[in-house]
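Please find the structures below.
What follows is chain A paired twice: with chain B in the first complex and chain C in the second.
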Partner chain A sequence: MFYRLAGVYHTTYAGERKLWPVPADRWQALGVLALGLLAPLLVGDLYLSSYLLPWLVWTAAALSLTLLMGVAGQLHFGFAAVMAIGAYTAIHLTRFGVPFEIALLGAGLMAAAIGSLFGAAALRVKGLYLVMATLAMQYLVDWTIINVPAISGGAQATLQAPEVSFLGAPMTNDTVQYYGALLWAAFLTVFIMNIKRSAFGRALVAVRDKDFAAAVIGVNVFRYKLLAFFTSSFLGGVSGAVLAFCYYEAVTPEQFSFDVSIQFVAMVLVGGLGSVIGAYLGAAFVLLLPIVLTNLVAGLADSGLLTISQNLQSHIPLMAYGALIIAFLLFEPLGLAKIYDNLRNYFRVWPFQHTRN
Partner chain B sequence: MINRRGVLRSATAAIAAAAFAVSGFAGQALAQDKQPITFALLQDFTGVYTFVSNEYNQGQQDYIKMVNATGGVKGHPIELIVRDTGNEPQRGIEAYNRAVEEGAVLVDFLSTPVSRAMVPRVLEDEVVMITALHGRGDASDGQTFPYVFPMMATYWSQASVLAKYIEEHMGGLEGKKIAHVFIDSPFGREPLPILRELAERKGFEVKAFPYPSPGNEQSATWSDVRRWGPDHVTIWGAGGGQPVSIRTAIRNGISPKDILSVVWLARTDMRQVGFEAAKGVKRFAATATGRDTPVIQKIMETVIEKGNGTGDMENVGNVYYNIGVATMAASVQAAEHAIENYGAPVTGPKLKKGFEDIENFNAQGLMPPITITEKDHQGGGYGRVSMWTGDGWEPQTDWITAYQDIVWEEIEENAKQFEQGN
Partner chain C sequence: MSAERQAAADAGGAAPEARHANWQADDTLLNHLARNAREVPDRVALRERDHGIWQEYTWAEYLDRVLAVAAGLEQYGLKPEDTVLVVGDNRPALYFAMLSAVALRAVPSPAYPDATPQEIGEQMKREGIRFALAEDQEQVDKLLEIRAGYPELELIVYDDPRGLKGKEPAGVVGFETIAAAGRTRLQAEPKLRDDLLGRSSVHDVAVLLHSSGTTGAPKGIPIKHGHILFAVRNAAQAEYFREGEVHMAYLPMAWVGDFTFSVGAAILLRFSVNIPETQETALNDLREIAPTLYFSSPRAWSNMLTRIQVGIDESTPFKRWLYNRFMPFAVELERRRLQGRAPGAGERLWRALGEFLVYGPIKDQLGLRRVGRPYTAGEAIGEEVFLFFRALGLDLRQFYGQTENCALAAAQGPGSVKLHTVGKPFPGVEVRLSDNGEVLVKGDNVFDGYFQRPDATAETLVDGWLHTGDAGYLEDDGQLVVLGRVSEVVYTAAGERFIPTFIENRIKFSHFIRDICILGEGRAHLAAIVCVDIDAVGHWAEEQGVPYTSYADLSQQDAVYDLVEGVLRRTNETLPEGLQIRRFINLHKPFDPDDGEVTRTRKLRRNVIDDHYRPIIDALYSADDQIEYKATFTYETGETGELTRQLHLRDVTPGQAAQTAHANRAETHRAAQ
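Presenting the complex of A and B:
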């Protein structure tokens, strides 16, 4: 019924290789984009600045990480540190008077340089050992930021994002910041989707599935592993800068702590490794669900339906959140993206389920 | 048909009458109660501040219940919004935006990372943020941070009070060696400039000994401390790291009598060290401990004994509970000034001025007398040193303040950096 494939004829190779070959998917993507563009008119300030905006920024970060973890199969437990490098670089550059557009590139390059340095460990180690190498990066970057006042901004360890403008639009009001984040998330969405169908993406997938098998069929594993770290760190660095300028407006070391790295890994895993829509769903799950649950429980408690201590009231959302993670992993280990895919498949043949093979 | 229409009509009339009655009652109810004042306590109940936030928040809620039970602030009840932020800045931002939309005029995050992230926002939105014993120390400069109120001794002032205590009660500072052992974070480093400046002036030696976060293993650090052989040790940590510091210090032959701690040291920490073993440890105290003060007595009478207490009754009178009570006592006092001097309804700017009208307020002996001015949002930097006696904290001094000239140099220097974007 929906997502119908019947009657869709591909008469050219280009048509068949479109990002969204099925018209229904295309319309759906356009519809979501339109909603995203109209969001400042549709939702109030609170939901725009506290929900949609961070969701887009975190999604951008999750997309950058899913390229490395999902597509190239290299585990990274220090992605917050990569973003920290980007955020601090961008802020220091703009404070020196560098235009914001160039500072964003600088943020990406610096993050990519340092990220690939630690990524070089991936050339020798795999799996859990690589996790250790990236963890080392997290701690070293944290330590450096805290212990070098020139980076962290002195005793209070806070640096405020200078007022900048992006392509002529001042990045100071919520709406411009929102569109900035939307632009970056939309760009990354199309970018990652395109990488996945390019030779580069296929090489990464080959490396992920078995690196020596990839070497046998002529993929230069050394080069592609490094490229994966470089690209992902570059995107992560820019995402960090976007996070600092569009959302926090100031950076402190805690915003890029180890916990945040774990949250990114969780987003990618819960969403579905290597999936673009999974990054959106995973970011929503990890970032927004705790907030929604907290408000829900607090609302129940305030209305007198739930008379419990403050302590328990604060922990119930955590329990529910944990239970949900376990439930999702039990029912669909491939992540939220797979649940979406199942729904899509269901509606594709609805109401003629018997036609599904 | 006519019949049915008649039924309909009478039903409509009945509904209209009911609606009228309801709105009438609501109108009456509104006329009786004055407009509530909303405070938002958006704290970390599940992250790293759990060691303090439960007791602290319990004290705050109990105090507000007491105020509401005894007529509110000049007839205005106080409404509290209490939410968990998990010490995550992005959750703090959401909770803050929501609270402001619901009309909050005062916010308290009790989390340094969240408060730091919120400074530019509260300055822009003109909402009062209290940062008692957390947040930026330089926010004491009311001219640079008009809406931020540390209202209690900053970490800088705490260090200066401890130094003063050593000077006056532990045989002077000159020629001494003082080890500053701290969690390796901006918070742990904060008092160092003050100690170094004092060391230069008073002719003693200071050496910094950081231990890695979260501080549940500090042996390497303390063996360095032992080798250096300090006369006194200041410990600067919070939560789980504190008892570990004291235990490891004792194991390294440092007498508990020579240990002086930042404000974050409570009965639970002493239980972990061992009540007897920890005898003699000294600590900066921002408020009185125990239930003897009139304010706590009144809370007992009007809230706790009526069964309306917020949490475990055992916590009443504990260190962090009383700090929570003190923050709300000062805030309510500010709201009272705001209504008295600038009229209801209380808004952010009026509450700010209300805070700056606070003069010699000590919450009937619960806290040192604080005076907040447009320039000084710290309130004077008072505190006292109390000692663990084996079953409780015994004040060793009166409320004192020390070397505020050095503290203010630091405050102004940092505030200037904030204006430049740090």
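Presenting the complex of A and C:
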């Protein structure tokens, strides 16, 4: 219905491989971008800094992880640790007076270096064994941060993020922090979409589908697995730094615990492995849905429609949340992105059920 | 022109210049092409889908290629007045080369790409063809086969190098080779360019087309520059074409419409002509281009409607529900609009909603979203089909013409569409009726006589009036109604006058019937040979749970007989008593142009059908319930085989009462066994 495909033709192969060859998709993307840019004018400060901002940062992290898990097929259950490395590196660098822009790069490089070190395990092991290796990374990094005062600033300590500015804009202002996160999420979106249609992306997909088959057709599996870990960890590290400076404005080890890693994996899975739009939807689902559910139940209880104990009131959202995850994955195992895709196809072939040609 | 041919072409006796005193000598396709290349060199003239993407040619490139190939062809020995065979699907190179030949004052003579070697061979012999332009290896192979028995064929030029390049047999050359030779010449001889542009005259033949050959060998129909250009101008004056239309060139190059639309109108009015990758991808390619001008035969429009209906049947319940809410409403609205009743404000609002929800999306799916000028011609279009597409918001209009008048004689005007007429004559075209009700046409677009057939010319062209052979009449407001072929008027034994095609077309409005042949000349009543449509009936059978294996099997199913009987019964209700179809048979195969039963444009060849199906026809007029039929058929290789089939015959019963009679008959039949 909304997808008008008549008159869309290409005179070059490059034109055919555009990011959004269909006008309706292009308008959607532009519309969402416009909404994102105008958000500070449209919504209140509370919503901006406690809903939209974390959603964008978590989406950025999920995008970084989906590159590794979805595109390259390498499981990673310690992604919070990667982000922690980035966050701590950035904070320490800026405390030493390094400009924030450089500190971000440093955060990415440090996370990429340590992340690839553990990723090297992937060259030997696959599947559950790789999960174990990345879990080991999570615990080792946690332990190191907590027990080395030079990093954490002492047991139970919280390191405040110094006041920095990004390209001249002070990162203490809510709006600037929001735009910082938006910029990073937008950059990652375009970056991952481009990776998926580049030779690098195709090589990763080949490795994901069957690594020795990829080797047979000439893909250097060693190199590409390591590159996948490197790139993903780099992006994860920067995302960690963005998280620390734009949202928390401080770092503690708890922010990057094992639970958070599991959350990222959940985002990627619920959203749809390897999907860009799935990262947005997955992050919204995992991050925002519990809040929405809690507010809903609390609202119902306050208004007297629901008479339940305080205890149950805090448990119902969790139960509903769990049920929803299962329900969505049962309904569409390929994630929210697939649901979006089905919906898109439903309208694309309207009023038929398939294309007529 | 050679003296002999000139005599043939101008059987009227006058010299061509005297006959068309109003024609300017430099009013040629080549000069108009050169003007386009000068005034709008960078506008896209041609687009061809190749390996999934559209290759564009601007007017400047168009002219360059035409001139390069012309210079090359001349170097390879093409002389003025030579006739050049053009065979293949629509390809830019073939269009270029046709104009190149025209620039050299040679005459392109296109053939249908699926014509048999025998048909093409006869055409070449009749026209003394020495040069052939072929699309690909398949056509080249066909021509090589012909050359074995026709050594006069000197040069075969191919376009698609696949399977040929580097392995060309003697006398076969690639277009690129010719064009390269031409470019070298053009560089060496700076004056050649203008020379080539100036050689042709408005009185030269621009293309040699052919009658469909429903009876006997096809006749050559030479169309001159002046004819085609005036035909297009007349039509443009009636706002039938606008400048710069986006046009899809997917119909055979041997058909007059393609030459008129894709060459004549395209050059004069600067169309961008779009060529699909293959016939199979034409529908998809159509959607990509979304033309602004679209011509299709009534049959193709009807197929499109079938596709939509099948698609809706398969669609999800909600979408189907929406379609059923909006589509019948729009059809009814359009029916009333044609009767002159304007819709109310509420209906307009509802239609606008429908445009968003149903009509717009369907037009988009078909690639007709931007079509401002959808046309149909060739035969009558079904009321259901016509109203459906008009209801979608497409201003579908019929036009009328023959190859002899560049297919542009009359057309329905934008505001004055009536279902049963083909509209008013174009400005500059005169139409009148002869005493026996035959439609006569006169104008600058009417040809000057058949190729080497003074006898046929004398019959057809009298005092400049083209005798179309169509029976018809003019309404009070000047709109022309065409009934059928004068020559096809036949009488039953009881003396009832009827035109089989007229009845056939009405029955074919049902999408279940692909072809039908009405019999009854000199007989007591009418009978029909029916070829069901495998797609529509096959789909119907799947839905009804009727299992079948092949076309032959499907056609003989009782349920399919019931279906066809229902269709015929409905048509019978609109026919006078003496002209109702009493009996029919479902044929085990569709009529096939390869068997000569229909022409390439799917017109019936009644004498061939009479001959092939003599036993079946006899059985139709006997009391038998079935017939054992020995079918002979031709394989793709040209070998023939034979197969015996049981075919059923069925009476068309008028209503419920007669149903029982049929059942009784069946009882008696069983008892007899």
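Here is the rule we use: the second predicted complex is superposed on the first by the 349 of 357 C-alpha atoms of A that agree within 3 Å, B and C clash if a C-alpha of one lies under 4 Å from a C-alpha of the other, contacts with A are read in each partner's own complex, and residues count from 1 in each chain.
Keep in mind that, in the parts below, a contact is a pair of C-beta atoms (placed from the backbone, for glycine too) under 8 Å apart; a residue touches a chain by one contact, two chains touch by 3 or more.
For clarity, every value in this text was computed on a predicted model and none was experimentally measured.
Chemist: Would you check which partner chain A:I291 touches, where first means chain B only, second means chain C only, and both and neither mean what they say?
Modeler: Touch partner of A:I291: chain B, not chain C.
Chemist: With the two structures laid over each other on chain A, which partner does A:L318 touch: chain B (first), chain C (second), both, or neither?
Modeler: It touches chain B, and chain C stays clear.
Chemist: Touching A:V349, do we find chain B (first), chain C (second), both, or neither?
Modeler: second
Chemist: Is the number of chain A residues in contact higher for chain B or for chain C?
Modeler: After superposing on chain A, more of chain A is contacted by B.
Chemist: A:R17 contacts which: chain B (first), chain C (second), both, neither?
Modeler: neither
Chemist: Pick one for A:K210: touches chain B only (first), chain C only (second), both, or neither.
Modeler: A:K210: touches no partner chain.
Chemist: With the two structures laid over each other on chain A, which partner does A:Q156 touch: chain B (first), chain C (second), both, or neither?
Modeler: In the superposed model, A:Q156 contacts chain B only, not chain C.
Chemist: Let me check the overlay on chain A: which residues of chain A are in contact with chain B and also with chain C?
Modeler: Overlap of chain B and chain C footprints on chain A: empty.
Chemist: Of all residues in chain B, which touch chain A in the complex?
Modeler: 45-46, 54, 57-58, 61, 82-84, 86-91, 93-95, 97-98, 101, 113, 116-117, 119-120, 136-138, 184-186, 189-190, 193, 310-311, 410, 414, 417-418, 421-422
Chemist: For a test of understanding, state which residues of chain A touch chain B in their complex under the given definition.
Modeler: Spelled out, the residues of chain A in touch with chain B are 45-46, 49-51, 54, 95, 143, 146-147, 152-160, 162, 247-250, 252-255, 259, 287, 290-291, 294-295, 298, 309-311, 313-315, 317-318.
Chemist: Within the complex, which stretch of chain C touches chain A?
Modeler: Checking each residue of chain C against chain A gives 47, 52-56, 283-284, 287-290, 307-308, 311-312, 314-316, 319, 322-323, 356-358, 360-370.
Chemist: If we count contacts the way the header does, which residues on chain A are in touch with chain C in the complex?
Modeler: Residues of chain A touching chain C: 1, 3-13, 15-16, 346, 349-357.
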